[in-house]
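Chain naming follows the written order as A, B, C, D, E and F, and within any one chain the residues start at number 1.
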Amino acid sequence: MQFDKQNSYEISDLIHSSKTAILPVGAVEAHGPHLPLGTDNLLAERLSNLLAKRVNGLVLPTLPYGQVWSLRDFPGSLTLSNQTLTQMIVEIGESLFQQGIRLFVIVNGHYGNAVALKEAARVLYDSFQKNRVMCMFYPGTKKIIEEVRESPSVHDSYFHACELETSYMLYLANEYVDMSRAIQDIPEIPAETDISPTPWSQFTKSAVLGDATKATYDKGEKIILAALDEMERMILKAKDDLGC
Amino acid sequence: MQFDKQNSYEISDLIHSSKTAILPVGAVEAHGPHLPLGTDNLLAERLSNLLAKRVNGLVLPTLPYGQVWSLRDFPGSLTLSNQTLTQMIVEIGESLFQQGIRLFVIVNGHYGNAVALKEAARVLYDSFQKNRVMCMFYPGTKKIIEEVRESPSVHDSYFHACELETSYMLYLANEYVDMSRAIQDIPEIPAETDISPTPWSQFTKSAVLGDATKATYDKGEKIILAALDEMERMILKAKDDLGC
Amino acid sequence: MQFDKQNSYEISDLIHSSKTAILPVGAVEAHGPHLPLGTDNLLAERLSNLLAKRVNGLVLPTLPYGQVWSLRDFPGSLTLSNQTLTQMIVEIGESLFQQGIRLFVIVNGHYGNAVALKEAARVLYDSFQKNRVMCMFYPGTKKIIEEVRESPSVHDSYFHACELETSYMLYLANEYVDMSRAIQDIPEIPAETDISPTPWSQFTKSAVLGDATKATYDKGEKIILAALDEMERMILKAKDDLGC
Amino acid sequence: MQFDKQNSYEISDLIHSSKTAILPVGAVEAHGPHLPLGTDNLLAERLSNLLAKRVNGLVLPTLPYGQVWSLRDFPGSLTLSNQTLTQMIVEIGESLFQQGIRLFVIVNGHYGNAVALKEAARVLYDSFQKNRVMCMFYPGTKKIIEEVRESPSVHDSYFHACELETSYMLYLANEYVDMSRAIQDIPEIPAETDISPTPWSQFTKSAVLGDATKATYDKGEKIILAALDEMERMILKAKDDLGC
Amino acid sequence: MQFDKQNSYEISDLIHSSKTAILPVGAVEAHGPHLPLGTDNLLAERLSNLLAKRVNGLVLPTLPYGQVWSLRDFPGSLTLSNQTLTQMIVEIGESLFQQGIRLFVIVNGHYGNAVALKEAARVLYDSFQKNRVMCMFYPGTKKIIEEVRESPSVHDSYFHACELETSYMLYLANEYVDMSRAIQDIPEIPAETDISPTPWSQFTKSAVLGDATKATYDKGEKIILAALDEMERMILKAKDDLGC
Amino acid sequence: MQFDKQNSYEISDLIHSSKTAILPVGAVEAHGPHLPLGTDNLLAERLSNLLAKRVNGLVLPTLPYGQVWSLRDFPGSLTLSNQTLTQMIVEIGESLFQQGIRLFVIVNGHYGNAVALKEAARVLYDSFQKNRVMCMFYPGTKKIIEEVRESPSVHDSYFHACELETSYMLYLANEYVDMSRAIQDIPEIPAETDISPTPWSQFTKSAVLGDATKATYDKGEKIILAALDEMERMILKAKDDLGC
């Protein structure tokens, strides 16, 4: 159910029966030769749509700009400051809660947004303690990822345009993937990268962090379904907690 | 040409040959019983696509949240502050100009955004005097509107969910219009409304400001084509001025 | 009745009987060879004084600095940011409402201030819903202007140092007008001016937008009296609404 | 020479020959039964006019709102935050320096403004190191005050509506003083007042801090002339330093 | 009693019985050849410890960074903006008051911090009117200083690395003073220094403002004990006022 | 070498020979019954001192206040906002770089500070690209931790007052640990904690996240030495990169 495709005469009832708004947040960012700049937007949006069906959620229009510090120097990347992204989310949340939403689920498709989203969630927490904000970035997928991945992870926290993310795209937005151009480009990421501001251009030319050629629809399906299961579980529990 | 559907290997050449980015900006806002909450997003987005073809522009993903003060109390409306919207546009503009864009065209589908967009354009003007920002809200349509409209205008500056806007939707996003629910609701807008903060709920229950039943595809086409002609003219002139 | 010429022993009673504070806001800005830089301050201040007599208002000291983006490059222009001007008005308003004022009337003499004043009024609206802020820029004068003006308007929204504004000065501040230096300088203002940040220096050397030689005391009187009538009407109605 | 009474055709030459702008800054604040709320504005303005004649300065319109924390609870007091006042001064200074002014003299009539003015001066110092900002609050008067005052000082740093300030008014703005209502009201100001935020209402009902009945034109003249001598000396020295 | 050396199981009772938190605030700043850069931190910290014993206060960890505008160009000086220092103090105060502290005493070792601390105290005053913030900078020492000092004061408001401050260090932090390097360096501070932003490098090379060779333990003891007496008196009175 | 214990006559040479400033940053936060509130300050400070000896660094005074959102409701916790902490670090960094420091090493003792520190490092990166900021939180300890720990980790990212942190204290600040009060308190941390703002009071009463009774000096030594080795390696490499 798309929030913005409803009209103002019916939306109140829908808000009342759902109580749950889902906001896809992505970014415009370099994703190598085989994936489009809008990869994170496509993933967040389609994941949100699948999630909405499971939890009777209302999907908001995708916020397609994110914080892209690490790849900001790559062609096509557009970036917001953390501060502006946080403020944007806070204000959207305030509107939603004033409209009667009780549970504001942010489906994040871009790891770099996590800090700004968490800050926004905390600001809203202080003002609306009877409601809840949840920021989801593929939760509950650790185990299944360990099972299905064939190429090694290049970093403890993030992945990018690699076997994993390309698999997600094959499952969720196949028509935007050009597997004929998928490459393997496994960077050596120095430990200093986590310690000191380091544009990724210092260790990759392609913006692919891993082996995209190993991506398959099947892997994507398995991981995404695991994520959806976990998101569904957490949302249903939250609605139960909130009594809605 | 969708900016975010390109990949980072090809976008540089496209930026170099186009120099022109087009950002649709809309809002989620009550538009009566016959139009969806996302009307302004649909209009901005589709108008941008038509414009891009005429001027070899790159269309950015739609920024679907806007400043909705006047109708913020209506079901489904979501609002940003002017300050946050301005900052968002400034940061997107900075990224674009750093990427090589010379002409940043904002196609605005929501009148309430105009102040924030203008402020952003001025901030960017001071930092990037060799580039240009243009904020378009159906320019060059005054004459044709006078010719085609049948119902009276309710206000000098704005129109909303009425004969005009509904006609635009019939031409640009027909599948989201339910003409069977179109209504006529002509408010008396007191002069004080322009003088003192006045939520529109004080003079309308429907959020329709005029006679939506008078809307036709044909009227929409005439006005939108006039707007496109004027936007095209101004963009080509600007590119000429900028030498790009 | 000048607010600042009263003392603190008597002002409480005056506030209690008036409930209405009038703040003149102007600017220091180029106005051609025949009008002083402080034209907008003189107009706002004297209009406020006339208005105060009609509505038993208390006139505050003139805020003589405004937002002068368009003419900031002209000799003598001084400019504030919108943000600072807004904040200034908000804080003055907060003090006034804490002092017992119910109706805060801003008489604006400079079109460029309108955006900042409106933003301030909205901020105050959210904090003081039982009081009212009104931003007046020659309301109710459209019809009389159409009747008396001889030279064409150069722009839909603004006028500057022209037949109109010079007439206002002849009526309100005659001693500061040097009609022997009044000029006619009718610019061609390109449509792009409303679309993209455009210093007025791009289309005028004089800062006169029209034909100042057509100005007369009589025209000024007619328009100003119409404005005063409308301001008086709106203020009395507002006081009635507020029950004060 | 009033800056705002000049026109834009002549102001450039005047700026070029003067290089010095003088901004009176005051406040609207309770000053007891014998002095008006606008006392600090009157003092700053008239002192500025006298100073301008001595140093060929251009007097700007008075900024009539200041930071009035200590007396904000008294009838008629209006207050700005330090932050807003600072920003206001910074922006006026930026405009002045861009117009060719080299020496920006702020004549302050209200002690409570001093912190905000100093902060503004420091901000401008960092951006315009070849120019100068000077914030004057009756400099060079310590000795003459010791000679002429008859009633004791109630505080090391400030004075208010007392023998001193009333004398200044008798000399500079006699027509606004009602000596028949002058009172003696010498408060005991506890030491804690300088240590912890303390509204003056905790130790005075009248807002008079001392003995206003002792004020005379003659005392005012002596002190004000001493201040003018010192201001003149410092300005001429500064102009010499700046080579203008 | 050091706040941070307690554990979370016992701190509640201690807060409940004390109600008083003492925050030493200093700076890292040039203090001549005989005193360390951290002089103001040492003074604030040790004075706080002595004070705490007298008033059953809980001493917080020293905030060792301050506003050092005047000496920022000297080797070793580190500076914060007033705004950041204010915000820091406000947030610490909010935490303390939420934890049950009623009286927040700031023992300031650096004159340059005074403005920022006062602003913070006012912000907290508006939010927590039942609690109290006190900013102490050697209160109650005027008379004893007049008695003991041998070298003249160089400025009405401040002293630095001179007979006074060096004496304080001899009494409170003797092990960090190298009297063999103490110098006499009495600057002529022009009156303009109080009027216009003036780095101290314009009148001193040593950062010593006076005659440090005149410093003695005995003078330090007398002045510091006077300060402690006054601080104790004011705190006990404040606790009495607050009923705690 | 303590930065603040040097004087301004010698610090320039020391800065020139070291080029490296080390800032300990901690927090005041509940750490269970066996560790003091200032645990993170003690750890950061003493680790910094050990590090300084290895890399010829200058240790700055500890910044003892941090961002303590998760435990802010526990007795004794004091918290800053991310924004204020970031700004504080930025301004300290600006001062250091203006003083000639090339490498600004932040030794962080409190996980909750990480986001604010990273943001500050990025701000400084944009202004001082020839210098470097490094934010260290026990780097290079993953492997040794896996070897020595006996009790399980309760969370992927953080640890608190547990076997690990208590061991660090036993090695670095033994005199502040009361092992007789060490407890085992292994919480079940729901997955939602990483998704939605969750005060830790929802899953722990003690603020101990694990088994503090398993802590030993020996474990602390092994892990801290591994951290020191890695910090030393990264700093020497950075100095080499910077050519200093």
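The definition used in the following text is that a residue touches a chain if its C-beta (ideal position, glycine included) is under 8 Å from a C-beta of that chain, and two chains touch if they have at least 3 such contacts.
By chain, UniProt protein names: A, B, C, D, E, F = Creatinine amidohydrolase.
For clarity, every value in this text was computed on a predicted model and none was experimentally measured.
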Would you pick out the chains that touch chain A and also touch chain D?
none
Selected pair, greater C-beta contact count between B-C and C-D:
C-D
Same or different: at the chain A/chain F interface, is the fraction of residue numbers used by both copies above or below half?
same
Report, in whole Å, the distance between the mean C-alpha point of chain B and the mean C-alpha point of chain F.
49
Whole-Å distance, C-alpha centre of chain E to that of chain F, is 27
Multi-partner residues of chain B (at least 2 other chains)
none
Could you give the sequence of chains met when travelling the ring from chain E by way of chain F?
E, F, A, B, C, D
Show me the residue ranges of chain C that touch chain B in the complex, using the header's touch definition.
69, 82-83, 115, 118-119, 121-122, 125, 132-136, 139-140, 191-192, 194-197, 230, 234, 237-238
Would you pull the chain C residues touching chain D in the complex into a rising list?
2-9, 11-12, 15, 28, 30-38, 41, 60-65, 72, 74-81, 84, 87-88, 91-92, 95-96, 99, 176, 178, 207
